[in-house]
Every structure is written in C-alpha cells, then in structure tokens.
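The structures come next, written out as structure tokens.
Both complexes below contain chain A, partnered by chain B and then by chain C.
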Partner chain A sequence: MSVEFLYPEFEVIRNSDRCIACRVCERQCANEVHSFDPARGIMKSDESKCVNCQRCVSLCPTRALKIVKTDCTLRENCNWQNDTIREVYKQSNSGGVLLSSMGNPKPMPVYWDKMLINASQVTNPPIDPLREPMETKVFLGKKPGKIEKDKDGNIINNMPPQIELTMPVMFSAMSYGSISYNAHASLARAAEELGIIYNTGEGGLHEDFYKFGKNTIVQVASGRFGVHEDYLNAGAAIEIKMGQGAKPGIGGHLPGEKIVGDISRTRMIPEGSDAISPAPHHDIYSIEDLRQLVYSLKEATEYKKPVIVKVAAVHNIAAIASGIARSGADIIAIDGFRGGTGAAPTHIRDNVGIPIELALAAVDSRLRDEGIRNNVSLIAGGSVRSASDVVKAIALGADACYIATAALLALGCHLCRTCQSGRCNWGIATQKPELVKRLNPDIGSQRLVNLMNAWRHEIKEIMGGMGINSIEALKGNRLMLRGIGLNSKELEILGISHAGE
Partner chain B sequence: MRRVYVNEEWCLGCHLCEYNCAFANSGLKDMADALRGKPIFPRIHIEGNEKVSYAVSCRHCTDPICVKSCIAGAISKSDGVVKIDKNKCVGCMTCVLVCPYGALALNEDGVMQKCELCTQNSDGEPACVRGCPNKAIVFEER
Partner chain C sequence: MIIDTGGMEYREINSALRAASDEIKLTGCLGQRFIAAGVSGKTIEIEGIPGNALGAYLNGAKITVNGNAQDAVGDTMNSGEIVIRGDVGDAVGYAMRGGKIIIKGNAGYRAGIHMKAYKEKMPVMVIGGAAGSFLGEYQAGGLIVVLGLETEGKRIVGNFPCTGMHGGKMFIRGSCEDIVFPAGVTVTQAGHEDIEEINPYILEYCELFGYNTDEVLSGDYTLITPDTKNPYKQMYVAN
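For the complex of A and B:
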C-alpha cells in the first residue's frame, strides 16, 4: 500500500569504472543488499535493506562503493523533522514500540567537549612522560578509614578487597548473547594482556573464559542469568546491575531465537526461551534491600571480592549514590544517558537519564560533603570516547572509566545502530555462526590493546603537561578543568570555573 | 620454509584472495584495469560451502609429485618453491591429474599455472595473505 512506503534512508553508489564484479559485497552483506546480474554481468543493489554498516565499503577491493544518505527527503521543517515524521510513519505501519541500538545520537550537550584541561607554564614545570616516571595504576574499592595497630604496634592490614588496574579504564558490561563469543574472547584476551578488566554483562560467563577470571567482573542483574557460586568466585569483582544509562528504569529482553547452544547453557535457561531481565530487581525496593544483596554476594565469596553497584545516571543520582555508598558496596559505577545498548526503545534511549559529566560531578561532591567518599570508588561510563574524556572524568572525581562503544569500534563496529536486528555484519552483535566468524579474536584483541596503549600514552602526556605524575594526584582535581560556553548553573554542578577565571 | 596456510575457522569465503591473486599476477598497477569485465585465472581457489570454506593453493610439497609427473620437464622446485616454466609446458594436464590438492589449473593462454608465492611477480609477498580481511590466510613457518 503506497501510504506505507518509506523511501530508503541510504543510497548505494557504485562506480562502474571501478567495480570488477568480484561479488565480495554480495557475499559479505547479511542484509542482502547486493546481488549479481549474470545476464548483464553487473552488480545491483537493493538499498531499502541497507543499514549503512559500511562492511561492503570496507571490503571492496577497488573502492568502487560508497553509501550516502539519500537526498530524497520530505519538505524541510524544523519542528517536524524527517526522522520524526518517519518514526510516525513506522509506528502507523507497525503499531509497535520503536527500537534502536547503541548510544543516543541526538544533539544533546556533550559536557566533555565543554571542558578544557590545564597545562603548566613557567611557574610550575610540566613533566615529560618519556623521561620521568608516570603512574597510571589505580586501585578500586573501599579504602580504610583509619590505621589499626596490634598490641605490639605493628600495622594491621585492614585493606578491603581491591581491583588493581594498570590504567583507569575498563571494558564495561556487554553480555554474551548481546555480543558474540568472538567479541567476548577479544575483550577478555585484551584485558588480560593490558592488565585491566572486562565485564561479563548479565549473560553469565562462558566456560571457556573462566581462565580470564582475574581480568573479569561478573555481573548479577535482575534476570540473575548464569549466576552460581563458581561464577561469583570466578572474577575479580562482582557487579550488581541496577540500571543502564541507555535505558534507565527498564529491563532487557533477549529473544528466544538467540538463546541457543552455549548461550542457553551459559545463561542457565532453556533453549528458545526468552531471556527477560525485569525492570527492577524484585528483591530490591530500598537501600536496605540492596544492602542484603551486597552482603549475600560478599558472604558467597567470603568477603574476598569487591562489590560494584551499577546505576544509570538519573535525576536524583547524588542521593542514590549516597545510599549505595552506605549499603556496603565497594564501588559505584554510574552510566550516563549517552551509553550504548544492544537494543532499547528509541524514545527511552533518547530521552531518559542525564549526562554522565553532571552526574559524576554531583555524586563526587555529595560523597565528599557527607564524608563518605572513601567508602567507595567511582566508575564513570556512558560515552567516554577518548583519552581526554578519561582525563576529564578523573579530574571530575572518577576513579576509573568504563568504555564499551569505543571498544566495539576497535573491534570493527561502524555504529550503524541496528544491533537489534541480530545481523551484525562485523560479527559483533550477532549469534549467527557465519557472521560471528568475521571477528577473529587475534585481530580484535590486538586492536583493543593498540587502542588502550594509545590512550595510556595520551593520558600520560596530558597529565605530564599539567605537571601531574599519577592518576591519584589528578583524581577530583577540578582546578585542572575550566568550562567553555557553560552557564553558571552548569559550572556550579560541575564544580569548575569558567575559562579565563 | 614459510608456506601459505589457511585457517578455515576464520575463512569467510569472500573470495578476495582469488581477486588479489589474479591482480598480483596481472602485471598491471590498477585492479579495475586488470580485472574489470574479464574472467579471472587465480592460483588460489575457495572451496567449501556456506558453512565451511577455505582457500586452496599449492602446498609446495617436500616431494612434489607434479614435478615427477611433468612430461615436458616444465615443473621444477628451487628454494623450496615449486615453479612452472611456461615456455616448456605443453598443456598435457598430467600435473592436474596427479596433484592431490587440485592446486594447478590452466591460465588464459592454455598453459599451466600455479601459486609461486608471489616470488615471480612484483608483489614479493603473497598477495592473498596481505589482502585477507580476517587473517585466515597466513604465510608462516610450521
């Protein structure tokens, strides 16, 4: 019916002078955009199926292809923009909730880009990290409030369990199921080589990856998939997932067709059954309830593992974090509203939650004001895109950052934002064996190691420029930041001065 | 000796190795000029189906049966690489019959050709290896 027609969003431009009809585009497109016409000996395309993942563009040996946004658009309208109208059409066709993937693409303020970093000039010397020692190691966990001594005057080691990281960055939670076996293998191997940590997400830990335990955070979410005693003891820490930045307040739903073989076994649910993570933990309706789960997990692991509580950045995040810090948790992870997801209702992803920069600053200030900052470490996540974002997050008060979108980009993700289709042409967000094999963990893990080593170098250079030689000395050092183009309320929340002040 | 090996676990069956091979041995500088609108005669071939695929090329056997079988003395082995002298080949295809891997085939001129590890073209290193997008084809000592 013509009223249902939507003009394709992208166009496939093929340079016929360059195309050698090798058909690699056809073989590599899981969306079946390309096809070969034997009668005419040419390649054809059905752009209505194209999601602009750039797989064909990247593999075309003669660079004969490009994907462009179509210029066939509706009449310009600042209020009723094209995307908005298309959403109405789609919903009128389907009657369904719009689904999207990865992080919020809307033009919301990115406060990282509105903060500038200081550097030393004349009165205080910068440090050259190539010539002088520069410490990027961090420890996450509750820090002791006082020094205790035994009757002979020897110091008693009262340090609670800690996570040790060679740099203040970790790969954040992505479940086995939402991403592929090879993506997990890449993350685990890279984390081990780098001396950092990756996170299992809520899908349990595949039996092959128990050997990476000391570089693993095991997650316990509302669905409690794959949680058992060995699992809890397998990792370096346990994370309770209360919420996710991309979709605060709602749960998750991995459709039954993805619950096959290893995933069913790892999640400990029957093959073909939908994996539904409820929106709340049904046993947590208060900080006291949370405390029970925190201590249940600590009991199960003999108080040897730090417990992280991960929450989405929402309006009352400072008060919530204050409660979590008193619940017995060792670490709080805060996930900002630009964080990624394997699938979320579009309007929740794009409209719910607050930016990580404001949430982080508010939480750090609140915990300091209440004198409980040392009870917990803070992890900031939700679109940390670069070494400078990491430096700014540390200066705002984070102990470490979670990255996931950047890690997936290193693995080949081109941010086409259609993870929910399960047809990821890059072998990341898919469980189809012929697609999963496209991600060779030998390549993937090396690219992650390269990315993190590059960031580590950059972090050292930026810190050196400020005359700071350790992450510890940068932590919460908001004097090293200045705002640019921010109003006084934003500056007040971020706890920084404006550039020029 | 370093040889071309294929890990079928990572082979995607994309056939790029065939095109990179044909281009490397074309002697031309532009891939489109070399391969557009023509049948290609690569020295490596993708075998298999949608589930399992792998590239097959000359194994450069320790004791190559093709060398023994050649009635014209066109196939020889030097520095570990099995090579064909196109001027001596008479196109009898005995080597095709005896090769257990199916690694030899006729070229566009009707004489035999096979993988010579890109030692005889300007590439210098196997083009199939360099162009493999998933590192399924490797050039290594085993």
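For the complex of A and C:
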C-alpha cells in the first residue's frame, strides 16, 4: 500500500442474514459507499467514502447495517494520537489547510456541566408550572435609563425598538447556501409558530421567506451578501456579524460550487463564483467605525429595528463588549468557541477563542460594573444544548440564547461533521436538489416546534423548582448556581460559589 | 426644495429628506453623517461637505456633491448615482452591488472593496484622479475605472491593488509600470473592445466635469482581470 493510504475511519458492518439487497442504502448514500454486485447478487461497501452520517443505518428496512469506528489503528500513543497523525498525513498528501465542520469535538471543559442549579426546600415554596402562571416571554433591546414625563405628567414612550420572544431561545445564524432552502423554510416556519426568531446568516434572504420577516433577524457580515434596503427593513432586527465562535478572526468562503441558482441570486454574485467574506469588515477598524455602521443601519431603517452586534468569545471579550455597548448597538450576541460552523479551519476551530460560559459571565459582570448593562441585551450562543444550559446561561446573565446545532439535530443532522462536502444525506448542508428534498419542511418545522415546546416546559419546571416564575427574575441571578469541581479562579470568573458553600 | 442643514443633526436631515419633494438641495452641509442612507427615488444636490457614509445602502436616488466628501461614500449601495465634484475619503463604494459613483478627483484608501455584480446589476466606479492603497480588494464584480487626471506625475494607484480579486474588471489609465499587482490577476493593455465597454462612463465623466473626451481616451489603458473566480479552491483538505 502506498504512503498516501489512510485506513478508512469507519467500517460498514452488513449483516448478510438480514440484507435483502433492496439497494435502499445505495440510493440513500450521496457519498457512494454502497453498490450492488449483480454477479454475486449482494451489496458491497467502499468504506473509504463513509462519513458515518447514519443515513443508511436509519433507512435500512431490515436493520442489516451498522457503522462502527475501525479498530485498525496505529500503535497507541498518548502524545501522538491517531487523529493528530492522520492530520499530518492528510496535509503531507495535499499541502492543504485542514477544514472541519460543526463545533469543536475536542475534550474541552464544558462549564454548563460543572454548574448545578438550586431548588427551593422548606423555606420558600417551589412553583408548579402546571397550576401557576410562569412567564417565559423576554424583550431584547436597549432599556431606557429613566422614565420621562411630559409637562402634563404623562409618561413619554421612550422605549427603543425591542425584539419580543415567547421564550429566551432563538435559532442562530446559518446562511442560505451553507444550509438548504428546506432547512431555512423549516427554521422560518417553526420560528413563526413558536413566536421566536431565526437568523438569515450572511447569505441574504430568499424572496419566499420575506413573509416571515417579524420572526427573522437579517444579518450583515463583511461580505455584505444580499444586503439592500428591502432586506434591512424585512426583519425584526439587524445583526452585524463581526465574528463567529467556531472561527474567530477569520472570514468565510462559500465555495463556487455551492453558488448555484437561487443562492447566486440571493447573494447577488454570479453562479460559480466563490462567496468570500473577508476576515474584517474593511470599513470597521475601531469601535468608532462600528458605531458608524450601527448608525448607518439605523438611519437606513429609521430607528425601527434593534441592531445586534455578534462577536466571537475571545480573550478580551469583556472590554470588547463594553465598547460595543457604547457603540449604539441594542444587543450583543456572544458566540463561544464550541459553537458550530459549516466549515472552518480545524486548528482555528479547536484552538481559538474561549468558552461561552466564562465569556458571558465576564461580560455581564463588566457591563454591570460600568453601569451600562441596560444599554444592551445579551445573547449567548456557542453550544447551548438543552433547557438546563439555557437556564444556566440566563442565571449567568444572558437575556436569551442562540441555538443552531441543536436545531439542526432536530432537523435530522447526525453530526457527522462533513458539512463542507456539500453532500449532506439529510438534506440540510447541501444544495443538491435530490438531497434537499429529503428534508420535508412540514416535518422539519414540526420537530423544531416539538423541541422548543419541550425546552419551554423544562425551563418552567426548573424555574418553578427554584421558586422563580419569570425569566426576568432568573436573569443574572447567579445565587441560583453552584460550581462543581471548579477551581477558585473559575468560580471567581463565573461569579458563583462552589457546591456546599 | 432647499434645506439649510446648518446646525442640523443627521437624524433631522434624513427625516427632512424623506419628507421632502423629489428634488432637494442641501446647503451648509458640515460633516453630518449618513445623509440619504437607504434613500430611493430622489435627486439630491449637496453644498458643503457631507460626513461619512453618504448614501449608504442608496437605493436609486441621485446625489451630487458640489465639493469633497468623506469616508464610506456609497457603502453597500444598491442602485442610483453619486457624483462627487471633488475628492472622497476612504472606503468609497464598499461592497457596492449596483449603481454608479463618479468622483472628479482623488479617492482615499480601500476604494471599491468587495464590489459585486449579478446579471443586470453592475456597479461602476469612476475615479478621475488617483486612488489610494488597497484599491479593489476582494473585487467580486463590477467595474472600477481610475483616470489619473491632474495627478502631476504622482503614482495614480497606491500599494496592494486588486488583492483577492475574483470577479469584475478594473481599468487604469496609463501603462501602470510603476504599480505592483498581486499574483492571481492578469494585467494587460486594454484593447479597442475593452475601451468600448468603459466609453459611456468616460463620456459621462467628461461631460460632468468639462474634460475633453478625446484627450482622456487617448493613450494606453491597463485592464486588470482576475485569473479565477475560485481563489480558495485548492487551499483546503477535508478533515
């Protein structure tokens, strides 16, 4: 075998007693792993193409298939682990930058799992959400510092524009192009039914989805794809994307092969041309420049839309957020380093940025210390996986959370982490019509609605257990959290006590 | 209709602009930002110096400035026309996706970054004088023309033009021997057919600012085009 050969990562185990050679697996696999051997009347596999997306496993009518991690590995070595060695081989073969998809899979600390939530016992009663009202509604936006009255003593409405959400969760930015039309349709429809919001990402807004405007955040990123006056006015808010948790400090490149048909028209670039989002906005080199973009957007939309500034969680995030809070932005979205992506250089994804839990706590504390917390709302994203993660984020100081990977899982994503290939067998991260149609927006949106309704119930249950009956009363309530197995510095940054204290 | 902008904040100016008739003259302009952001269907003449982000997201209006303008003129402009009878600051026409910007004099750094185009939407920028460094970075579409008039022997384009260019065309008057272009673009002498393409814009420029068309069109023009529309294709390996 040649020096370029890499033993396949996965093996296809086909139970010949069960396989009826119906060829469903062959039709379902866009990676062309399965094929039929007419001479022998059996199915064959080329496991070198397998990405372990589980599509064939899920659709095999006789449950004849399973995909397993190969046990043909190199000699064990704690320093030079298999993945590391394979990366060196891949780069030696190609000379390329390693490109990965979805969030950081490395065993990094997940602080959500090291925080425990309080509950009421004896001294104050828990609340049963089934018999008592619980408020999960939140409003995102700048809150006025004081009540103003006119000369007759009537209150002047000085409330800046707000986003209203029925629960403190939104679908995070995923562009049309990185995900499919049917994935966007599912998100938009679910957001409308739930009374929450989805986010266009930086690829513009398909004309069919303008009708979901009040449940849409339109994004303006450095490539300014699909940005024009109607687009800016279409949504409930405008988000300036400065960075993304999975790839802080770098831009994005949607390869020309995905710039086809409607994507090309929505982005306003020719078919087949790479869609390049430069690392910086070349008109923003300072907080003052950011302020200029914020206010140019406000002027163009007559101050009717809150402006969100989304940044990746990086080392100086508290100071950066302080600057953003003074730039005129209404909302800051912070994306932690475990957040997902359609494609990012592996070593940037896995090594750049900081966890959302620490970033969120640091930002909330800093803005409070400076007396400007009410200038902005805070959205936390970057691997919020469950209702309990949402509750912990709110208690650390978030006004709402962004979720994306969890939403994709609801749509059928099996986290095979090969979005960049454009051959998503679940019809999500692909533009191939025959794959896109596998995702039915009727079913997809219903599954998203189910997931969010389930989380809403859980959020109410957890809050009720603490004797808290509204998100507002939980927000920044760090006394409701205790750390487990954290050192004193981590506890200090999170602003919480250790369990038992 | 004439609006005296002396002492007015930008928010007041834009409110007045939106409420005004279709033909408007703004006088006494002194650095107010965001003038005519997102405006469509009006003709606006400006006396004085408008501030940053003049005509951002412009959506079909026509703006003439009888003097200089500052940074970020026509940022993410969608359609319409901006005529500057003087010089402009940095980042003019950033991410412009349609319409025309015609500048009599010089442009600062980062002009025409990430201009794009789609079918009939083809943004055009004509810079009559010199352009600063980083001209047309990431250009993805559209047309940038630099004439270098009245630059008195000064280099007419600064450093690092066309970096990351992957669409559109750039024309620079002259042979450009003193300009260093990056790898990934092709630099040739514009032929007769190429000049035909920019002819209407040169005519418009000369008519607006009183130049002799034959003189401006005489001599060599350099044409810069990208080698590929997929500059990042070979850079990655799936992991």
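Criterion: the second predicted complex is superposed on the first by the 500 of 501 C-alpha atoms of A that agree within 3 Å, B and C clash if a C-alpha of one lies under 4 Å from a C-alpha of the other, contacts with A are read in each partner's own complex, and residues count from 1 in each chain.
The criterion applied here is as follows: a contact is a pair of C-beta atoms (placed from the backbone, for glycine too) under 8 Å apart; a residue touches a chain by one contact, two chains touch by 3 or more.
Quick caveat, the model's predicted, so the values are computed rather than measured.
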Legend entry - First, second, both or neither for A:Gln292, with chain B first and chain C second: second
Inset, instruction - Name the chain, either chain B or chain C, that contacts more residues of chain A. - result: C
Inset, instruction - State whether A:Asp283 touches chain B only (first), chain C only (second), both chains, or neither. - result: second
Inset, instruction - Applying the touch criterion given at the start, work out whether A:Asp442 contacts chain B, chain C, both or neither, answering first, second, both or neither. - result: first
Inset, instruction - Quick one: classify A:Glu434 as touching chain B (first), chain C (second), both or neither. - result: first
Inset, instruction - Go through the superposed model and pick first if A:Asn82 touches only chain B, second if only chain C, both, or neither. - result: neither
Inset, instruction - Figure out whether A:Ser264 sits in contact with chain B (first) or chain C (second), or with both, or with neither. - result: second
Inset, instruction - Could you tell me if A:Val24 is touching chain B, chain C, both of them or neither one (first, second, both, neither)? - result: first
Inset, instruction - Once the structures are superposed on A, label A:Asn453 by its partner contacts, choosing first (chain B), second (chain C), both or neither. - result: neither
Legend entry - chain B and chain C contact sites that coincide on chain A, given as residue numbers: none
Inset, instruction - Can you check the complex and tell me which residues of chain C touch chain A? - result: 10-11, 14, 18, 33-34, 37-38, 40, 52-53, 56-57, 59, 71-72, 75-76, 78, 91, 94-95, 97, 110, 113-114, 116-118, 121, 134, 137-138, 140-141, 164, 166-167, 229-239
Inset, instruction - Would you mind writing out the residues of chain B in touch with chain A in their complex? - result: 9-10, 12-16, 18-20, 23, 31-32, 35-37, 50-51, 131, 133-136
Inset, instruction - Over in the complex, which chain A residues touch chain B? Could you list them? - result: 17-24, 27-28, 41, 58-59, 61-62, 64, 433-434, 437-438, 440, 442-443
Legend entry - Residue numbers on chain A that touch chain C, as the complex places them: 87, 90-91, 93-100, 220, 222-225, 227-229, 232, 253, 255-256, 264-265, 267-270, 272-274, 276, 278, 282-283, 292, 295-296, 299-303, 345-346, 418, 420-421
